[in-house]
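Inspection log for the structure reproduced underneath, given as structure tokens.
Chain nomenclature is as follows: A, B and C, assigned in order of appearance, with residue numbering initiated at 1 for each chain independently.
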Amino acid sequence: MIKAIFYKEWIKTKWIFILSALALFGFASYLIFNVYRMIELKGAVHIWEVMIQRDVLFIDMIRFVPPVIGILFAITQFVPEMQRKCLKLTLHLPCDAQKIILSMVGYGAVMLLLLFSATLACFYVNLRIILVEQIANHIILSAVVWFLSGILAYLLTAWCVLEPTWKRRILNAVVSILLVKIFFYNVAGEAYNSFLPILLLYTAMASSFVFLSVSRFKEGKQD
Amino acid sequence: MKKFSSVLLIITVAFLCLWQLPWLYSFATAKKDKSPFVLYSPVIDDFTLSLYTDGMQHTDLSGNVYTQSELDSIHPFFYARQLLKDERFPDSVKGIPVTYKDSQNESFYYRINPKDINAPQIGVYQLMESMSSRVKLESPDDVFRFTKKSIEFIDAETNTLNSDKSARFTEMLSKSGFVFPANSLSGNPSVKKDYDEGYLVLDAENNLFHLKQTVGRPYVRKIDIPEGVKIKNIFITEFRNRKSLGFASDTENNFYVIENKTYDFHKIGIPEFIPEKNAMMIYGNMVDWTIKVSSVEKVVYYAVDANDYSLIKTYEEAEEETFSGKVSKFVTATSLRFTHPLDKYVYPRFGL
Amino acid sequence: MENIIECRNLTHYYNKRKIYENLSFSVPKGRILGLLGKNGTGKTTSINILSGYLKPKEGECLIFGENIVDMRPELRAKIGLLIEGHVQYDFMNIEQIEKFYSRFYPNWKREAYYELMSRLKVAPKQKISRMSCGQRSQVALGLILAQDPELLILDDFSLGLDPGYRRLFVDYLKEYANSEDKTVFLTSHIIQDMERLIDDCIIMDYGKILTQLPVQHLLDNFRKVSCSLPERYKFEANSDFYNPAQIGNNFEVYTFLPENDIRSYFHNQQIPNDNFRTEILNLEDAFIGLTGKY
């Protein structure tokens, strides 16, 4: 049954998945190419120096891409459920409602996790060729928080989209924006290291927010 | 599950309010910070305060008012260029004969920021060539890192380990009694300085070492630390006068100068300096140093003798107790924030 | 007779607006029951409460003896649901949607679905979103037939359908319900369609149920009485008479009373009438007779 849910979610999201993969791959390729080109033009010594002394990451342009992908993914996955109250069909399926919702959200989170970890791996493998381990680690650890924000943005957008009333949806959106904002302090590379486990735990817990929306939907809340 | 998410949402909203509402308050009530520029004058043996309130005002602690031109002459080292231009540069200060060139050579500005100490470290560093054959210093073409058993140099162009150089340096360090890995190190690998002293390094047992590269070879020197002193932070100086090698602070929050060549330790006569919490600024000249130590709570200025580092005078900036100040303090103390002026980390914390 | 649906003391408000108070009804097994009412009398509210997408302020609805909100999945599998407007996952095509639903229902009747689909002139890969409303109604119906539920809940099945598709829908449904002893609970805003389909009807008025009875009883016994009365004559109606109305001399009133009883009432009350006539009504007229034109 969960396989069938995944099948339905895949039909809805295959295009956004492919587009996201292309966008991430394109962005990552561009940024990696850029570092390679700069090394060719200015020499590895100079680029390493800039990275070490000025804490320049060279890939921070990709910062906002994961949350944007997270938001778009959630919209493509959950707006069709809310159109003409299709969610009623989903919730009427002879299966535990919690299990259905969890597998829908789980599907999206896993897909994004796949995309994001593939991107990070792509960065690491390519940067490691030209950068010493410590610098490559530094860049990846600095980037992890942006990708985690993409997962949270996905979960929070799902929560907002599934919410049945507009008033509450706007409040949810405000909370969501503030929460995602926490991931984007531009203080220094690896500034989030000690905070990451908490953010990770919170993101996992935030997947429960959709149940609030679904429960309000089932109670027939309206504006 | 619904109960769990409701509770989580309530807690989330509460935390967001604790974060955003105080921020809104301080944003709405933000005032321009009016801190005077404070400098010790060896001529009048007092601090002068320069503050902008409808025009620049210069006073000393006794309340005497100075014009800009008068101020220039009581700070002959700080305003040396201006005095030279006005052809007013003195022949002597406090009976000591001075020249413009000496004053330039002996003056320095140094700052220590907790933000630089409380910050994520990448873990690779650049060691310059201290005896460069060129007139100017050059960037090294490799980086080094400490492992549990050695020091390793990695060539940037090829991104490969330079085994020979690593072995040479490791051997030299080991021979000098260095215990791997390094606890902390301080260096300033910049080509925009007059000379290079490499790094001050604390090893795994908190012994202090001086490490530099001379003609490609390692120079390692273990520095004797005064009996009973446990060094916590080290700072390389590389001032133009080459008198000092660096500063150090210990676990008792004392502050020391390490002299160049002799590696002698001298305690500086300021009562306390905690590098993780206090920002320090030093305006030094050949006669005295003005040391500004600021913490979240207060700012204290010390005048210190440039030769024996004894304390000459202290000035603590008095803070007016206002109602809005009290409100601000309360708001700050109860607010949630993710960044802090004293470090480069992001994590949730309350108050300053 | 066993009741498949049992709604007890339903009370619901939208904010401060009362929809109904203390509403109770039940649907016996094997019957096709239509919920009739004018707009705003709470038909959709009832369907929503029944299908678990609205929590009533008070009261509860039981289906197969359980509240649908926390119903066991096995039992939920026995309920077929048609959402207003024949809503289905319109991002799927007819093959995908069959494949999807078939995983959830152990007794899935694939042939029933494809038999219906074979009559639609749609390509197997055509998305439901690009079908006409009538075609979509057939997809929704086909899925319900394949699910083979014991209880069908249909919300306004005639919405958006042209007469042909409406007739087709009704015929399939009737055939299905009668041959397999299924229970159906439905609403529609087109009452003509119901006449061909339903066994019983519940007629709702604002805030309450007017009556619940077999349709045949209504058609056989409910009459319109018309006659001429003097202008501005005040007709004293007792509770046997519904919605008396007079325009000029023409008077009409509705009642379940047999013709003889009506005549004797008119006689006993000494009502000065002319051209006395009674008529048997179709469902739509009967509905209007019971609920009034306004």
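Simple rule for what comes next: contacts are C-beta pairs under 8 Å (C-beta built on N, C-alpha and C of every residue); 3 or more make two chains touch, one makes a residue touch a chain.
Note that the coordinates shown come from a computational prediction; the quantities given were computed from them, not determined experimentally.
*Asks:* According to the touch definition, list the chains common to the neighbour sets of subunit A and subunit C.
*Replies:* Touches both subunit A and subunit C: nothing.
*Asks:* Which chain, with its centre taken as the mean C-alpha position, is closest to the global C-alpha centre?
*Replies:* When every chain is reduced to its C-alpha mean, the one closest to the whole-protein mean is A.
*Asks:* Need the CA-centroid distance for the pair subunit A / subunit C, whole Å please.
*Replies:* Chain centroid spacing, subunit A to subunit C, equals 47 Å.
*Asks:* Centroid of subunit A to centroid of subunit B, CA atoms only: how many Å?
*Replies:* The separation of the two C-alpha centroids amounts to 40 Å.
*Asks:* Centre to centre, by mean C-alpha position, how many angstrom separate subunit B and subunit C?
*Replies:* 83
*Asks:* Give me the residues of subunit C that touch two or more other chains.
*Replies:* none
*Asks:* Quick one: in the complex, what on subunit B touches subunit A?
*Replies:* The touching residues are 1-2, 4-6, 8-9, 12-13, 16, 19-20, 119-120, 122-126, 139-141, 143, 145, 154, 156-157, 159, 189-190, 338-339, 344-348.
*Asks:* Could you please specify the touching residues of subunit A with respect to subunit B in the complex?
*Replies:* Spelled out, the residues of subunit A in touch with subunit B are 43-49, 51-53, 55, 98, 129-132, 134-135, 138, 175, 178-179, 182, 185, 187-195, 198, 205-206, 208-209, 211-212, 215.
*Asks:* In their complex, what parts of subunit A are in touch with subunit C?
*Replies:* It comes out as residues 1, 3-4, 7-8, 11-12, 80, 83-86, 88-89, 91-96, 217-220, 222.
*Asks:* With touch defined as at the start, can you tell me which subunit C residues reach subunit A in the complex?
*Replies:* 14, 48, 51-55, 69, 73-74, 76-77, 79, 81, 83, 85, 87-92, 96, 99-100, 103-105
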